[in-house]
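The first chain written gets the first letter, and so on, giving A, B, C and D; residue counts start at 1 in each chain.
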Amino acid sequence: MGLDIQSDALFDQYRTYCQQTGTEPPIETEAIHYLKGLKTLSVHDLLTAARSKGDVLVQPRCGVGEIAAMTQLLETLSSKGHADILTLTIDAYTRLLQLEKVSDLATNEPDSLNGFPLLSHGWQKTRQMCASFNAPCQVRHGSPDPRLLFAATVASGITSFEGGGLSYNIPYSKDTSIKDSLRYWQEVDTYSGNLAKQNIIVDRELFGTLTAVLIPPCIALAITMIEAILAAREGVKCISIAYPQSGNLSQDVAALNCVTTLARAFLPPDVDCFPVLHQFMGVFPQARHNAEALIVLGSITARLGNATKVINKTYQEAAGIPSSQANVDGILLSKTANSWLYDLLPVPIDQIEEEQAQIYSEVLELLAPILDRDLSHDAISDAFATGELDVPFSANSSLHSAVIPARSSSGGIYISDFGNLPFSEKTKAFHRARLNTERSDATDMAAISRDILYLATETTATAAPQLS
Amino acid sequence: MGLDIQSDALFDQYRTYCQQTGTEPPIETEAIHYLKGLKTLSVHDLLTAARSKGDVLVQPRCGVGEIAAMTQLLETLSSKGHADILTLTIDAYTRLLQLEKVSDLATNEPDSLNGFPLLSHGWQKTRQMCASFNAPCQVRHGSPDPRLLFAATVASGITSFEGGGLSYNIPYSKDTSIKDSLRYWQEVDTYSGNLAKQNIIVDRELFGTLTAVLIPPCIALAITMIEAILAAREGVKCISIAYPQSGNLSQDVAALNCVTTLARAFLPPDVDCFPVLHQFMGVFPQARHNAEALIVLGSITARLGNATKVINKTYQEAAGIPSSQANVDGILLSKTANSWLYDLLPVPIDQIEEEQAQIYSEVLELLAPILDRDLSHDAISDAFATGELDVPFSANSSLHSAVIPARSSSGGIYISDFGNLPFSEKTKAFHRARLNTERSDATDMAAISRDILYLATETTATAAPQLS
Amino acid sequence: MSEISKLEVWQTATHLELDKGAPIVILAVAPSDVHVVANQIIAAQLRVKGYKVINLGAATPLQEVIETWQSHSDVLAIAIGSVNGHALQDLCDLPKLKQLYQVTCPIIVGGNLSIGAEKDGSEGQKLKDIGVDYILTDVTQFFDILDQLKNSKNRSERPSHGGTHEFDHAQSLAV
Amino acid sequence: MSEISKLEVWQTATHLELDKGAPIVILAVAPSDVHVVANQIIAAQLRVKGYKVINLGAATPLQEVIETWQSHSDVLAIAIGSVNGHALQDLCDLPKLKQLYQVTCPIIVGGNLSIGAEKDGSEGQKLKDIGVDYILTDVTQFFDILDQLKNSKNRSERPSHGGTHEFDHAQSLAV
């Protein structure tokens, strides 16, 4: 079998890890042979079919420490929830490569882990587990350095891998430099690109949700478009761009529409790009009726915004990792996104078009300076250093995090402090007009907290206004 | 205890029935004493509190033949679904007073009955069953002659009773004359009015859903307003007016708003009148995601239309009487109507106001001729005889059923053949404009069937239109 | 469109002036059932298709259905709709009445044949056991069966019943 | 509003120039956790309230937290946020480190303390068993505790820890 993998350092690194931890290292040719022989539809196949049919795929998040419990969980979500794509959410220790810690816990206290320790259980058991389901699996994590995990993913027969050099660093690491994470993730993209040459299409999903709290659409889209362009340069052919629901229907539909228009403008025509909606990722309401109404809003948004996939939440979101039954309920509720009946709801087309045009031009303003420098890693890193690129509430302390977002009276997310973002005066005026706020400065904690907690409000006192 | 019940024939009739069937007859003074001593909140209490808080109460339909199974069913809907109001749906034989048949089946094959045979199980067991729940019960049935059942309901300690002299005849009886059913139901209203004088408030719910298929809002509201005015004349103080979801949000919100404005215009100020939404009562879609999307549309409608109560459907609706778990799921999904988050959805206020003004004037046009004759039973009966009052697809063969409804392109229900309805030219022009149809005549069965099956369409091919 | 008038199409009256010799279909809704919308639509569709329909409507006692058959010659079929789940209980006197009146006309039942959303599949067989000839789940089957009954009627005096049927297709679709 | 500048309020840097003698609060997110939004908001709120805050931010090793305490005098409290459910595993070295460094400063933990939406209520006690002094479920409790620590600090040299606490109110609200 003729291999065309140039950079095999990534796979070798994982082989070394296996040797050192006493598990059997995978053989790269066998792994690729296995991927080519898979009989079930890949994530890329499903995304392509869903887009052509106008369907919205539903994917839950899920991960537990024990492999038997993980298998059972996937079985439940598959058979009862009819999840279209299954997830292996990786535990926090593995993400941060605290490998001794996770190895210890995976052996002695697996149920104390908040996700599936793929590296500890190893590619053989993981491959066997995934092979028992018709629905394909995706690996979701949060690793600034994903190389070991990606090789293990490939060896496990999985061809869908979330993350990117910006979106999996900024919210997930305090001190990994932007240049380093871009370099790590470039290896993943290069490897995916080489697999694509052999007709193995890896779905690379980019995490526009970022720090998950009050992310202005233009920032989610600018960051993921940078990652998408870089991935396409390495030969990646399937890119999913995830956008987090803000809660304002017009803004959210506009942003999802922008994913498609931006991809058309910036990605080569042979790259398949799919808009993905993350149901609301901020602080969730506790009461079930509010949580489920928020999930419904997300499902309506996914349908009206032509998302190809939605990542569902559950009514237990506020309390922690949901029970499998709650996750099943969340999947089924999210599947209403596939109903044409939601098309009967009134749509404020003018508002959506106005938001869409604005978001599109904001993304262009954010990308212009680094596009001038050909989107080099240096250019991107410099932009974060100067604050020309910025993300609110960054975990990474090298970012300015000087951008302060705020909610408008209709719940849309806009920017109250622009930091050093290279926005035009027109854009700045747009945000000021939308916010129309008296907030005096960015130290108004009460206002920021109120905006963060906006959708978690439990009140039932606000009845709809009487029309007569 | 000083009783002020003038017409006690109704209660005596039930005592005679009990004697003849060998069960202990209730004592009227004891029954009234029991009602006065009830510690739990009544349906009227709950409706009043919900209206003042802007809440939407959720009530499932449910009824099975065995009393143990019925108790278990109510327990499940109460503890797992948190139903605000419980229902005893009465079986079809009891409704039509086929009392030998139901007595036989209740004894020998209770699980073959499609509802709870209250008369067969008797007031003592029913009272005991209802007393075990915190939520109050309502009796829902479909009896053109409800007198026995109403007395049994009162004796069972239940103060919420659905039906009316028109809405429980026209869809439920082939040959009961309108005058007869008005007279039977007048006895129920008179008895309820007398109870009200003793501070026992009976909730009388009027079944605007009628034949449940393509009912134009003006007809649902005209029929129930006639019943409401007659009930108020007899001293009834709590009237729930149920309107069936058409599927078009603007039309449905407009109709619910009209319930309140009509009540203000036609009912005395000391009568509490509550708008109730029946989630879609026509042919339901089979696929769960479509059925649940339709339930969601109903919940959004209930909230935006300020319904005080919603009667929920379930995802098993298309297949028959739902399992208790499916009913629990339906209740919980309907409870999203209590979430302020639905207020974030865009509302087409102009459209709603236009529909609302039109529906209101149509109801006035329908009521005018009989209001001129002081809403006497003769006047009402004559109006049905001439077709000035009419209901599509009536089961009662004395009606014209010459009105043919149709759906507009946006799913609203309008009238394509007015029969003898006393509509102004302006109203007729409005309907013609809304339908804008080329349907040549009322024998176009394919078109009528298509309109009936509209919301049951399973297609997923119709994706939302792309905005860009 | 057909020449039939709107009023004729939608008539639910029990007794109609019918063309002598034209094949008649008797429609009714089961004795405890009042779901008349499908019944009315089907009656109207049959009339538009040229059938003569006697629609007995909601909650019609079985005896009335059989007596209506007896008082007309040329009845092609009796079709009873049942949506409320009481089909078996509502039709339990059918064997007795069929024998008493020597009913030779095919009896067709359609609708939702038992209570509960989850069916055990036994409802159809039980109805056949008490003398129902055809069980329908789909109205198009109904039109097919009537067409074939009419055709076989044109060939012979009456189609045979009670033994084998020509309409295995329809039966295989039984609930 | 306060006089503090926006940049000062939002600073997540490890080492700040701090007024000598002012009471310091050390904030950090647990070693495997990166949920920094609450951490940043609380840090900013404390600064606006006049506290001196050293915010060590996301996924900070416990040893780094303790060493930061050691290198500053006048630390009022150490507060560690944990949202990913790994609190107990992340803090398992706390007894060892407390002994090694002779930590006298109160240690406060808040957030979502175990994985799973259904809690068995034992998480708080287990954290206290390994040396956490206060468990929070609500940020307002945190401000109350700091206020009281500051007041008792003004009265005596250091509040006593390890035995009984003055803040039964806060503890009774533990998860």
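By our rule, a contact is a pair of C-beta atoms (placed from the backbone, for glycine too) under 8 Å apart; a residue touches a chain by one contact, two chains touch by 3 or more.
Computed from a predicted model, the values in this text were never measured in an experiment.
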Item to complete: From subunit C, count the fewest steps through touching chains until subunit D is reached.
Response: 3
Worksheet item: If you average the Cα atoms of subunit B and of subunit D to get two centres, how far apart are those centres in Å?
Response: 58
Discussion item. Measuring centre to centre with CA averages, how many angstrom lie between subunit A and subunit D?
Written reply: 31
Practice prompt. If you connect every pair of chains that touch, what shape comes out? Choose line, ring, star, complete or other.
Written response: line
Worksheet item: All pairs of touching chains?
Response: A-B, A-D, B-C
Fill in: Residues of subunit B touching subunit A in the complex
53-55, 247-250, 253, 257, 260-261, 285, 287-290, 292-294, 296-297, 300, 303-306, 329, 332-333, 335-349, 351-353, 356, 410-411, 455, 457, 459-464, 466-468
Practice prompt. Quick one: which bits of subunit A touch subunit D in the complex? Just the residue numbers, please.
Written response: 92-93, 96, 98, 101, 105, 109, 112-114, 142, 171-174, 211-213, 316, 319-323, 326, 393-397, 401-402, 417, 440-445, 448-449, 452
Fill in: Complex interface listing, subunit D residues touching subunit A
1-2, 4, 6-7, 9-10, 12-14, 29, 31-34, 36-37, 40-41, 44-45, 48, 57-60, 84-86, 88-89, 112, 114-119
